[in-house]
Structures are given as structure tokens and as C-alpha cells.
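These are the structures in question, set out in turn.
Two complexes, one shared chain (subunit A), two partners (subunit B, subunit C).
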Partner chain A sequence: MSEEKTITIEVDGQSLETKLGALLIDVTDAAGINIPRFCYHNKLSIAASCRMCLVEVAKVPKPIPACATQVMDGMVVQTRSPMALAAQKSTMEFLLINHPLDCPVCDQGGECELQDVAVGYGSDATRFVEGKRVVPENNVGPLIATDMTRCIHCTRCVRFGDEVAGMREIGATGRGEHMTIGTFVARNVDSELSGNVIDLCPVGALTSKPFQYRARAWELTRHTGVAPHDSVGSNIQIHTRRNEVMRVHPDSNDSINEIWISDRDRFSYEGIKSEDRLAQPLIKKNGEWTAASWEDALEAAASGLKEIATADAEQVGTLISPTATLEEIALAQKITEGLGSPNIDYRLRQEDFRGNSTAVPWLGQSIASLEHVNAALLIGSNIRKDQPLLAHRVRKAALNGAKIQFINPLQLDLHFDAAQMVSDPAGMVHNLAAIAEAAGGSHHLTEQIEVGEEHKAIAAELKDSESAVILLGNIAQSHPDYTILYGLASVIAKATDSSVGVIPVAANSVGAAVLGAIPDHGLNAHTMLESPRKGYLLLGVEPGRDTNNPALACAALKNAECVVAVTAYRSPCLEETANVMLPMSAFSETSGSFVNAEGTWQSFAGTTTPAGESRPGWKILRVLGNLFDIQGFDYNSSEELLGELKESHAGGLKITSLGAAKGKIRSVVTGLIRVGETPIYASDALVRRAVSLQKTKDARDATVARVNLSVASNAGLSDGDKVAVVQGEGRAEMILKVDAHIPDGCVWVPAGVPGSESLGDQFGELSLEKV
Partner chain B sequence: MANEVIFKNLDLDRLWDIEQYRSRGGYEVLTKILKEKTPPGEIIDGMKTSGLRGRGGAGFPTGLKWSFINREAPTDKYLVCNSDEGEPGTFKDRDILRYNPHALVEGMLIASYVINAHRAYNYIRGEFWEPYQRFQNAIDQARAAGFVGNNILGSGFDCELNVHLGGGAYVCGEETALLESIEGKKGQPRYKPPFPAHVGLYGCPTVINNTETLASVPTILRDGAEKFRDLGVENSGGSKLFSISGHVKNPGVFELPMGTPFSELFELAGGMRDGSKIKAVIPGGSSSPVIPGEVMMDLTMDYDTIAKAGSMLGSGAVIVMDDTTCMVKVLDRMGYFYYEESCGQCTPCREGTGWLYRIVHRIENGQGRPEDIDLLMDVQNRIRGKTICALGDAAAMPVAGMLRYYQDEFQYHIDHKRCMVGADA
Partner chain C sequence: MKVFIDYIKSLFLLELLKGLQLTGRYLCAKKFTLQYPEERAPMSPRFRGLHAQRRYENGEERCIACKLCEATCPALAITIEAAPREDGSRRTTRYEIDLFKCIFCGYCEESCPVDAIVESRTYEYCFENRGENIMTKEKLLAHGDKHEVQLAKDREAQAPYR
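For the complex of A and B:
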């Protein structure tokens, strides 16, 4: 099958040029000739089972499915001949005999492929007079509503689970008419990509549970947008009705998210309407929060910070959430600079700031190219949960035979084959140094390192692969020795001719770095809290949940004279520490831009008006800037500001690698060390308030502390015990789970989840006490 | 002329023991081939000359099927024997497994040699416990005698034989569903192309042959392809096992040359049971359309003659029905079978078999509607030729066959809400 050969086929009298071996249905789709189909989906394998796309091909006695037919030169196809139409109408009738014809009460009504095709190929009356098939219902979890009586057995969802999500959670059991699609052993559908089956399902069998019976497709207005969580920057469609976000769907963009989105991107919109939303400006007066007008609140904010800045500009610090838009970040930078302060940072979860801080941490290659690597070494990354669609690309590479290796402080549940080297955080550094040594790289850790066979194997794998990549993930970036890990990764990359990159943590981490929202000579996100400032400007930050060391953050803010929080949500920690809270619009309510992991700038418009009295962040900052009497805040639109940013920050991203690792290993502890991963549904303020996502297995699994059996028995603890996790002054009570995924010397205690606010470093020393 | 090939040595009391099988020249052909390193092409030519066509029902020429395999393909090659004999009325392979399992073992080894397969599977219907034991025992004996395993008879040829017991699904008798089942998946037919000769078991080139086909191979090669061919008639070479059941006195399996008149087979089966007259015959398993008894009496048992009469020789499963038989009830029972056995993968079969069954069932139960006969014809027509595998056709064809000859019985059921058979008496 030489696919490059151009051939000519004839479809319905129309001559079409195409490549030999292409699928007939793809050729007709490209030519705008519609052939009805249900089971066929161009991102899934071919089932050829629905029989809706039967067409007539000259010299073939029976109608054949266009979805499974490869074109050959001179092929003559009729998609609407009497034979083809009869076959298509037959299939339609068969599909409808057992399908409930109650479209008016079906949630899929109005956007149902079966309904649409039935208009063209169905009959107006049924000849089937018997009772229809009824399938008992199954609860598959908080995200997907099932109505399997409506199922037409196209198996798209089954194939998706197998081929894309990498979890065979959905399958077909039973034979013939008794075949039902469901979960194999009456479990939930727990994949972090599960929501995509809602889009794939051509009928109302699998629909969105949070959206169930909320609106009709024709009532919705579609707006394009960009997902605000991980660094993929998935293209989305925000569906609104009467100024309310009703649901989020993927928008296709083959180079970024293809046609998929993660469940976090799909269902986080529920957080927009959280009761935590800050509806109006608040000023703290004598320890009490009182409602204020915008004028008063802005005045209080401006005067408070200005007073501090005037006395000593170094006493002002700005902390920015990496999910803030480019426009917001740029204005926050201008304000900070205008006040004369050098202290600004967005790297809230980073602890180790040694080394070259001006480098823009990015993927180092395109997202799509990840699926073509031959080998990858991922350091400190739970890529599957942190960045589900990047994991999807890596999975594709793995399925193509790429060797994927992990160095992590916990064993991951992966959906592809990979070698995992699991150790405590200090062990990660040693393992990496050993790989660097095995690869022949030079670095200062050489002497203490023992090189094992497994290190040699990884080094050899990277060296022998034509296209190898080394990536540092979310965990690495919160690691106390991040810069050493990065340095060693650079050494290995150089020695093995691999590329090195960072998986940016959040939707606009790269954007913030591109704009340079980091201190040149001032204090960074860690030192700003370690050496408390008198005044802070917080942009979209929840100090108790978004920072590497929330105890340190809250203490610093509490003692400050003036904390101005521009925020969409109230949170206990902010209420305790801030002086002025300015209500900012949330996801979907503001225009703005993000730069994703591969450096693509993507802008989006606001789709709904901000809740209550809240305002887009860039507008709040613009007014603040004016109140500070700083020049250059006269923007009429976010586009105007963006234009300026594009001009000043034009040019692609460069690969940056750090030099050989310097400094001392800080992750060595005498007792137990915390593995403070940020779970998927605790990553930012919006998703933390998305109620359905918080009911998922991933969210429920993130409410416990985990240790392996030997750590538990050494501490005299057992599975299910209530324990107190103690870090310095901080203390959090949690249920202990014995989990073999956690290495010796470590306690997995999630960050960003309720109860973790009083704890210290994500990867710091801790102790366990039985309660 | 009966019992010339597979049943040739049935006079021996324990043919399933390797000594008795070898006492009549068993394993000599295999030994000769391995010793002389007979070129596979030569064996294929012999099979082509013999006119042997697949005995599982489809009748595809065996030599041609073997020739499709690229012996030099860098992947594994597999031979699979289909002993998932599930077609209602068919019970010939069961007797091969029970009485002449070594012929099958030898045939599988020869076929494996021809296609360069080093592992062969026999997929045996799960209900066949005794036949399975006999066959497994035959493998064990053959292994002990050095015919199975590595370096067979010092020839350098390796071949393992494995048995896979089915789980009771009729559809697994379809060759690609059978492959899925061996692979541990749900038994659902695969879309073809690609054909198993290119992408078969575990994605490798695979030949799938019926039990009877493979069991015929040693005799064909020993006695000569021409001799086998000349047993039969033009386009239907050799002899065939016919399993005859129903209202005959002496139901059983008979090996007869292709082209033998039905009347002879009927005679061998002892004719009709006492006091009844022949009414209808299903000549090739339940999926073949019914033929009236008087028409059948003039036909010979070969592919072309039965096809010309509007039915199929199929697997050679002959079901004879007498004049007390209600054809509506027959179709009701058969319809239920296909409704239960459809794999559910493709729409026309999944939905259509249930619909057909329900229509026939309500006619049988006195709830037929005037439009039902037209509806039956239309629904079966809508299934036919539109599914991935032949199960849809198998469910549809008997309906058309019944209505072709016995529409009046269906009409009577609809009009009178009772059975026509016995109504006059």
C-alpha cells in the first residue's frame, strides 16, 4: 500500500483525486459528500459495525461500508444509488426499532446524530410493534449520566477507553440484542479524560451529568475559549445561555488538544458559580470585613500599598497566579515596577530558586511532536494527572514503541508502559546524577554516586534514540532541589543528545515567564514570604492553597500591614490575611491571553458578564495603576494591551538549559519527608470549587495521607488510622492509607486540598502522630 | 462407495488409539513429507487437484487457501482448525474427533508444514467434552511418538498443537470470531479485508480449516489426489460426511461421495420413521433454505446441484422433516436460535434477528397480522448481505426459504390463529 500515490475515483459522478489506500469515508468527507455514519470516528479505530455508511461500489455485488473501504484507482462509488439508499434506510430502521423515540425528553435532543440522520433516512412510522428493549441503569460516577436504553452500540466509547484514555473502563457485555455497554465490574468511569465519551456518543446514552436537563442545544450560544488549568491550553467551546456558562466542550485543534479535553477543562466551569465567589469589594475594618464601593476599595488598596512603597518600595511584593492572563500579569508588573519594587513572582509552588532564573521554562518542542519521540525521561512528573493531554501524546509515543522512563517520588498508575524509578526526593537527585554519570556527563555530584545497571540502561536508551526528550514535571518544580534536577537533566541531555524541557505547571506559566514576571534582583515567591514584606499585591492567589509553603505564606501575609487581594473567590486564608479584597471576574468572564507549554499565544474573549460587582482583572489593575499615578495605563481594551505585548515579546522561545548542577542537596532529611503532590482537582481556585469534579475518585483519593507498609509499621500506624501530619507549627489531621506506591522515608500528603493550609513545604520534613 | 476417506478405517474398534491408526498407514504421509522435505508447493498442487473444498460450509478450495500464505513472512504463521461445530443439525466433526482424531492431528501437522506454521490450534466447541478428551489424547500420543513438538522425526520442523475449548457461542464458529476468542477477546467477527491469510491470529498470517477438511488431507495425499477427486463429481471433489437427523429412522453420520443422490443417503438413514411421509429437507444446516421433500428426492448431494435448487450444501447437515411438522414452528425455533446467537456487533443482525423471531413467534402463537408475511420477507431482505459476517445471512435465508415453499402455512396461522398441519385430520 504505497500511500503517496495519487489516484482518481468517482463518487456520485464526481471525479475525486486522492491518495491510494485512503478510507473512502475520509475522501468523501473531504469532498463534502455526506455519508451517514455512527460507529466511524476519525480519531478511533474502525469498527465497521453500525452499517450506516453502506455504499454501492461498482463490481461489488453487496453494499460495503465506506468507513472500512480503502480507495483504489478507478473505483466508482454511488452513495445514493437505490442499492446504497436501501441499505442505509434498512440500517436506520433497525437502529430505531429498539431506540426510544422520545426525543423531547432526551438530553441529547437537538444535537443527536441519530436524530439528525433519522430525518434523512428514517421512516415516519414504525413497523415494529413489539415492546422495545430496556436496559437497567448504572451509576458510573459524578460526571457522566447514562441512559443505556438509548445506546445504539456504536462502541465509540469502548474504543475511546481502549485507544485514547488507556483504561478499558467501558465495554460491551452480552450478545446480540442483549449486548449492553457498561462498566465491566460495576465501577465508576474514573479516567481523567472520561468526559470525551459524552462528545463521542452519537445518542443520548452518555451525557454530561452536571449539564443534565439544564438546557437545550439550540438555546446555547457557543464561544471559543482556552482552557484555564494545565499548560496544554486546550481549545474549548464555552456554551452559554442567558449570560450563564452551561457547559464546556472541546474545540478541535490538531496541534494542541486534537479533539479532546480533560475532565478538568470540561467540568471546572461549575466553579464559576461557587458560593465562594467574591461578589463585591470588601475592606477589612477593625478585623471585620465590610462591603465597600469600588471607589472606596480601590482607594483603600492604592493608598495602603502606596504608603508602604513610598517609605520603602522594597517592602512591597507582588504574587501572581500562573493562571492569570498575560494582560493581567503585564499590568501587575507595571504596577509593581511603578511602585519601585523589584519583588514579583508567579512561581508560587517553587521552592528552589538557585541558578539561572531568567530562563523561560517551556516544553522545548511542540506538543504534537511529543508523540514522535523515541524515548523520554520524565523527572518529577505525574504527567497523566497533571497534564492529561500531554500524557496522551506521550502515551501515543509509548504505543509506537518509545521507551518512557520516570524518576519520581511515587509510583504512578500509568496508562502506558514505562519504567519507573521511585525513590525519596533526595534519591531522585542521586538517581539523576547516576544517569548523568552513566551518560558520561560532567557534574559536581560525581564522586558520591553509585551507578547501577538501571541508570546505565536509561542513559543508553536516551543515547541510542534518534529523538529523545527529558522533561521536568510539576513535582520537580516543587522539589527542594529543582535547580539541581534541572542542571542534571541538562547535563544528561547534552551527553545523550536529547532535548530538555519543562512541563509548565499552569495555563499561563510560560506567559508569565515570557513577560518576565520574575524578580531580576528582588525577592522571589519564596524569599518574599521568608523575609516578610509590609505590603503585598496578590493576583488570583489563594495563599493557603496555591503556594509551596502555605504556612509560611499565611504567616507573612498575616503580619503585613497591607495585603491587597485581587481575587475571584473568598477563601479562609485570604479572609484572615488580606486587608482589601477586590472581586475579579473568573474563567469565561474576562478576555485575555495565555501562552501554552509549547509557546503558542492564544487569546479569548469574555463570554459572560462578571458575577456580581466583579470586574475583569486587567480593568481592576488598570484603575489601580491610575490611582498609583503610574504612566502607561490608558488601555481601552485588552486587545490593545495584547498588541503592545506581542510587539515587545515577539519571537519564538529558545531552548534553555542550565549549566552543571551547583549547590548542596537540600532534600536530605533525617526523618520522614513529605511528597506534597498537587492533585489534579486541587490545582487552582476554579477547579477546587467545581463540585462534580470534587466528587470524582481522583478528588476523593486526594484527601488522605499515604505511606507504604514499612513506614506505617515503623510509626506504629495502620491503614485507616487517623493521623496528624505535623510540619513545624502546622498540623493537619488526615486518614492514613497504606499504599505501596509511596517509597520508603516518604509520606504522600497532598497540597492545595482542604486541610493542607497550615502545612509547610510541599517537599519538607514532617512527622506523623496518631490521633 | 461409502466410507472411503475419513471413515475408511472405522472397522477398527479403537481407531482413536495411535497404534490402530498407524496399523493402516497412519502418519506415513507426514513421515514421508518430513523425510523427503516435499516442497510445500507440490502438496498445495495436490490439494488443488483433489478438488477438496472447505467442509465447514463455505466450500472454499483448500489448496487455494493454503497458497495465500506467504511462507517466508517474517512473522509467525498459524494453522487453526475449526471444530466449533455449532450449526444446528451438524454433528460430523464431533465424530471425527471421537473416532478418527489422529487423521486430524496428521492433517493439521501437514497443513502446518505447508504454510510453515509452528503452532496450530484446534478450537473445539466447549460442549464437546468427550471429543475433546479423545483429541487431546491423540495429541499426547502423537507427541509421545515424536510427531508433535520440536524437530519432528529429526526433520528440523517444529510444530506445537494446542486445543482451545470454546465457551458456547455459535458465532465463534465464524473464523474471525474464532480467532478473537482464541486471543481471549469477546467472540465477534472481524471486518474483512484484511483476510486471515494476511492478518489472522495475533495479527499473523493464518489458515483456518474445518475439521473434516484437515482430517481428509492424509488420505488424499496417501491415496492420491486424483482418486479423491474422482470419488466426487465436477466441482465437488471427493467424499463428504453427511450428518442426517430429524424424522428418519436411523439418524447419523455417513460418508458418501459428493454427488450421491439424496435418495441414497435417505435410504442409508433408514427412510422416514414409521407411518410418516417426507415433507421437507434442510440440506446443509439450519442456515440453508428448506427444500420440499419431493424436490429433494431428485437432487444429488453436491455443491452445484443444491445451489441450483436454491439452497446450500453447507456443512452437509441434513434435517429431514415429516408431514406432521409445522413449518411456522420450525422457523420459530430457528429464529430464536439466531436471535440468541447474534453477536450483537452490527446493527442489521443485532436488531433484525430479534425482530424476525418476534414476528414468527407471534404468528406461531396466533397473533399474526395480515402484513406479517410481507414484513418477514422485507426484514430478512434488509439483513441479507449487509452484515460483517455470514450470521446475518444465516438468519435471513431460512426465512426466505420457508416463505418460498410454505407461505400457505404462515397465512393459515395468521388467518385461523392455529396450525394448518393436522387441521384437516
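For the complex of A and C:
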């Protein structure tokens, strides 16, 4: 049977052309003919369990479900015939037997598929007088509110867990009327994509907990936006009411996020209303923060930096958060240039800057094409937590039979089959060099590399695959030998005819690189702090949490003469080190643009007015530029600026190399080495203040130090001990957890979490002391 | 001829007497003027006066923050904010009716699934200061508590027609 054969069917007297074997419901949806449904969802498998989509087909004695029926040539379908309507009405009556009449207290009220379909296809009165089924309460965590009495057993959430999230956390137990949907044993739903079941649930059984009872669908104004965390750039809808962001929903974009968003994108809006928000400009006078007017604060900021710049422009450094918008970055760049300083950087979490800095760290291919690769080698990437929706694409490839390999300094809990090569950071370089050698490339390393069977297998896998991809993740970019890893990846890619790419760290990493917010001859994010400057301009940076070496960053800023922080939040390190704090609007309050991992430029508008006296970042920088008397700061809107940027940075992204894998391997240490991963809910300032996300398992798991059993017993420590993690001068007390996922010689100590401010390099030498 | 008849009519003030006939009838008839405020007119149980919020007999407020009244209000006089209470139930944290906007149409009462927001028989109220026109949740509940007996009786009288 040829799938491509075009046939004609007739639906409600309308003749439709379609492909043989297509599902009837897909055909009618495309033609705009509505068939009611609950269990059918075009991104999930077919269950045909709700029976709501029953239609009449000529020559078939009984009504049949449109969602599980393939079309055939000459098929004649009636969706509104007496037989179909009677079937739909009966189905509706059965569904409502056990559904409680609690619409007034149900959060789904007003956007409920059951309500809509009941009005359209149901009866006006009930005949059911018997008792209704009641399902006991079930707490599944801080993000999802459940009321399983309302469940109509469509099993969308169960199929989502199975097919998309890759975790069978929700399932159906019992049969018939005793069937209940829930977690099998009392536990939480911990998937990083779990929030999507809220959208999938056609009734009010699964709703958003942070949004619980706050607003009704009809009160909300919808704005389109772009998620400000990972580099996917998920399209979102920001729902506001009375100038307040109430919730965030996904927007569909098949080439980027399909219809899903990660929990980080969905629930981070809570951070907008954080108590830490900076409401007005502050100036430090005699060590005390005093509120100031915008004029005074901007004047203080401008004169402070200008004085330093006139004396020696090299003494000014600009650090930019990779979650800042393109417009903000471009203006910060102009200011830095105008002051005559070459020191500007956005790569706050990077340690190794030996390579070609003009290379744009991007995916090297489209996001959608990731799901069609036959093999992938991921180097230093906890892709599932760092970039949940890229992981979803890779997972799809894996389910299609692609061979996925990981080279990491920790064993990952993955939701797809993959081979993981786990070693300490130096071992990662050796493993990669061995694969390069096995693939027939030359690795340029001075060390003797032993090529094992597993290396040969990976090389062969990449070589034999039609389309293979090698990706460097967030961990790799913080690795002390990032340049070598990248160089080796390029060698392997060349030898195996694969493509090579970088998974950008944050929402606008690619944007910052495209604009060239990197030092040409000046100092980079690391050297700027290593050899302290006298003046710093910080754009959206929290030095204690956003940098590779927070101890170094805070020390450098503390000794500086003038630190101007353009920031949305107060943070301890900034309060201690900055001289002027200018309140910047947070996510959803400013217009701007991001460039995502595949190089797509996406713009968004501001949806709410900035909190307190804060102003959009680009406006602050524009005025600052005027105060510095720099030419070219006369923009009236961010669109005007964006138009200029688009013109000057036209053309697609090219794959450029960081250069050959030369140099000394820096990750070799004598003692223990820190594996300083940035956990999913510590990635940026906004998400760190999202209250509900901080209550999740992923966030709670990220407050401990982890070692494996042999490291623990060598150090005379055991699970649950309170230990001090010592890195140079820095010291942080944490609970120790024994975890077999961590390789020998390593201690997993997260970055970006509370307590990590005093520590050093994310992948630096450390020691453990029992407290 | 017509001129002559008009002359006779105006000579004997016929039109005036016709008018005075009505005045004379009311002069002799039974008086129905009410000596307000000593005397009051009878009131329908459907009277739509000042709003009140009711409670159940156990003292629990009836309102469940479904926001149907807010949605149905044609004058946009109602503002509601809601959040889960400590016991997890759905409750309003803010329920305000702006009496300057309210047109006393009674749709809020009509839409309420739990008979929480009602319009009472109270029509004597005034504002002396700015802001007093806002009926807050506390004021509404206090007003409901004060008139609960009458409110319950009125709802019962209306029940067969709803």
C-alpha cells in the first residue's frame, strides 16, 4: 500500500483530497470540520479510549472513532448525522456520570474542553441520580495541582509521560469505574517537562499549582513572547491581568519548541515578583546604600566610569549576562567602545579562552534536524536538564534508533538509551583524544593516548552513520580545557564526516556572539577578573552566581573604584561590591530580541510595565551613552535599534572552528576536582527566584555535594555528613551525599546555588573537610 | 359656528373646570402619601438594593471566587482577586463592588452559583468621603450578617421562580 497515493473522501457532503492511510480526524481538522475529542492529541499516540469522536461512515453499521480510523478512497463520512450525534451525546452523558459539577471552583472553568464539548454535543439535563465516584487527594509536587475526581481517563498525561517526557511517572491503576490516574506509589512528578500535562489535560484534573485559583481564562490578556532561559528560545504566551504576569503557556512553533515548554520556562515568571527586585536607583555613599533619583544615579554612574576611562580606558571592563537582549548587548558594546575600552565579554561561565574567540557557539544545524540524526556524540552536556527541549529532539532521534553517546564528568539519568563514558574532567579530554585517534584523526596532544575498544566503537558508530553530530554542552563550555575539547571534536567531526556544534548556554549566547560582544585584543570574562580593572559595567550579571569563579569575581569587583550594575535584582555580592545600582526591568517587562541555538532571531514586546522605577535595559544604556557623549545613541524604540542590528549582521551563521586542540591540559589535578555543574533551576537570576521551582526535586537535589563511595571512604566521610568544600580561600558548608553517578577523583559541587558564591572555578581543585 | 362654540366654552371657563374635576376627585379620595421616613412602602422580595455577601449557617462565607459575577457585570463594577486559603479552599482575597459604577441590574446575584452575592432591601445609604463608594469584602459580609434573616426569607420566596 503506497502511503503517498492521493485519494478523495467525502465528509458532510464536502469532498476532501488526502493521502491514503491518513487519520480521519487529521483530515477533518485540516479541512476545518470540527469533531469533538478528548483523548486524541496530534503529538501523542492514539488511544481511542474516550469515544467522543464517533462519526458515521457509509456502509459501516456502527459509528466509528475518527481518531483511530484511516481514510480509504471513496469513504463517505457524516459527522453530524442523527447516528453520529446520538453516539456523541451518549458518550458525553457517560463521561459526565462521574464528573463532578464543581466548575465554579475548578481552575479549568472557562477553558475546559469538557465544558465546551458538553455545551456543543451534550444533553441539557442529567438522568443520573446515583452516587458519583470520588478519588482521594494526591499531592504530586509543587508545580501541578491535582483533582483526580474530575479525571475523564483520556490518558493524555500518561501517554505524555511515556512518549515525550520519557518518564512513566503517571499511570492508570484499576479498571472500569475503579480506574484512577496517579503516580503509582505516593511520589512527586519530577520531570523537567511535567508542566505540559497541565495544557494536555482536557479537564481540571491537572492544573497549575502556582497559578491555582488566581485568575480565570477570560480575564487574561495574551502576549506572545520568547522564553528567557535555555538556548532553545521556546515560543511562549505570557498571560497578564491588570499589569501582572499571571502565567506562561507554550505557543506552538514546530521548528523550535513544537507545542511544549520546559517547567523552567513555564514557572519562572514567579521570579518577576520577587522581593529581591530592585525598585529604584541606589547609590552607595560611605558604604551605605541610599535611594537616589534616576538623574543622580545615572550621573554618578557616568562620571565614575568616565573618570576611569579618561585616565586609562583599558581599566574599564564590561560584563554582560548571556540572557540580556540583543538591543541591550549592542548598546553596552557601543558604550564600551565609546569609552575606548576593548574589554567586554558575555561568556561568564567559561574558563578556557585559548581558542579563536570569534567563533559563534551555535548548534551548527537546525533544532528540528536534531531528531533526524543517526548518531550523536555529546561532550560535557547534561542536555536533559540544561536544554530540556533539545533533549526531547535527541530523544526522538534515539527512539528512531540513533546511537547517542555521552562523554561527561558525571553519569546522567537519561530518558533515552545512550552510552555514557564517565570520567574526571581530564579523562574527558583523554577519551575524546582516543576517539579522535580511533577515527583516524590526529589529536596534537603531547600525552600518550590509549585507544580502547569503546573509543573505537564510538568512532566507528560516527563514521558509519549517515548523519552524525558532535555537540559540546554547558559542562564542556565551563571545562578548563574547552578549547581542546572543541578542537578534538572538530578533528573527530572531520575524520568521521559528522557535523560539530555547540549547545549555547543561555537564551542569547548566540546573539551576543553574533554581535561580537567579545574582546578582540582586550581582556575576556576571566582575565578581566584575574587582573582586576578599576571600573566595571555589569549588565544583568550577578557576580556571585553567574560567573565561573565567583570568589575571584567578587574580589575583583570589591577592589574596583567604580562598579555600575544595571540589574533587575539585588544580590549580596552586588550590594557588597557595586557603587551604583540601576534598576532594570525583568523578563516580560522589556521589548527585545534573542537569537536561539539555531540562529533564529526572535523579537518580543514588553507585556507589563516595569516594577517600581525600573526601566528597560536598553533605555538605561541609551541614556548612559548620551551622558558619556558617545555618538549614535538616539534610538526612539528598540525596534529602530533592532532594524540597524539586522542590517549590519545579516546572513546566516557559519560554522567556525575554535582552532586546533593544542596546549596544556589544565584539568589535571593532584587532589580532588570539582565538577561544578550549573543545576537547571540555578541557571539565571530569574529562575533562581521562582519560588515554586525552588521547591522541586531538581532544585532540592542541587544543594548538596556529591561523591562516590570510594572518594567518600578515602576521605573518611559518609552519606549525610556535613562537610566544608574548600577551594583556595573559598569555603562552603554542604551536606555530603554518596552518589555512584560521580566518577573517581571528583566532587560534584553545583554552581549558581546559594552558598556557592565563596567558591572558585567550576572545575577547579578542591578539598573536603568534615565539619 | 365653531367660533361661537369656542366663545361659549371660554366664557364659562369649561376647560378649567374639566381640569379642576380631577383635582376635586383626588381631594376627596383616600390619601396614599407615605410619611417617609415614619412610613415605608411595601417591598418586593426581588428588590435590588445595596449588595451583601452571605454566609452559611456554620459561619463559612459562601463565596468561592468563581468570578462569574465579575464576568457578567455589565458595568465592570466588581473586582475580585483570589488565592487558596490556608485550608486549600478557593476564596477571594479581595472582593470589591464600586457603587458608583454599579447599575443595580442584579446580574451578579443571578449568576452566583452559591447565592453568595445578593442585593438586599437596603436603599438608604450615602457617602460622605471618597472611597466609601467601594463595598469591600468586609463591608459586604457585615451587611449580609446584619440582614441574613430577611435575605434568607427573600431567597426562599423567590426559589420557585428561579
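General observations
The rule is simple: the second predicted complex is superposed on the first by the 766 of 771 C-alpha atoms of A that agree within 3 Å, B and C clash if a C-alpha of one lies under 4 Å from a C-alpha of the other, contacts with A are read in each partner's own complex, and residues count from 1 in each chain.
Heads up, the rule we're going with is that contacts are C-beta pairs under 8 Å (C-beta built on N, C-alpha and C of every residue); 3 or more make two chains touch, one makes a residue touch a chain.
Computed from a predicted model, the values in this text were never measured in an experiment.
In the three-chain model built by superposing on subunit A, subunit B and subunit C fit together without any clash.
Rounded to the nearest 10, the angle made at the CA centre of subunit A by the CA centres of subunit B and subunit C in the overlaid structures is 80 degrees.
Applying the stated contact rule after C-alpha superposition, one finds that A:Phe128 touches subunit B and leaves subunit C untouched. Of the two partners subunit B and subunit C, it is B that touches the larger number of subunit A residues. When the two complexes are overlaid on their common chain A, residue A:Phe94 makes contact with subunit B while staying clear of subunit C. In the superposed model, A:Met179 makes contact with subunit B only, not with subunit C.
Touch criterion met: A:Ser49 reaches subunit B, while subunit C stays clear of it. Our summary of the superposed model lists a minimum C-alpha distance of 24 Å between subunit B and subunit C. Put simply, subunit A touches subunit B in their complex at residues 46-52, 54, 61-63, 65, 68, 87, 90-91, 93-95, 97-98, 127-130, 152-153, 172, 174-179. Every residue of subunit A that touches subunit C in the complex is listed here, in rising order: 103-105, 109, 212-216, 218-219. Subunit B makes touch with subunit A in their complex at residues 169, 171, 186, 191, 339-355, 358, 362, 369, 375, 382-383, 385-388. Those residues of subunit C that touch subunit A in the shared complex are 64-68, 70-71, 81-84, 90-91, 113-114.
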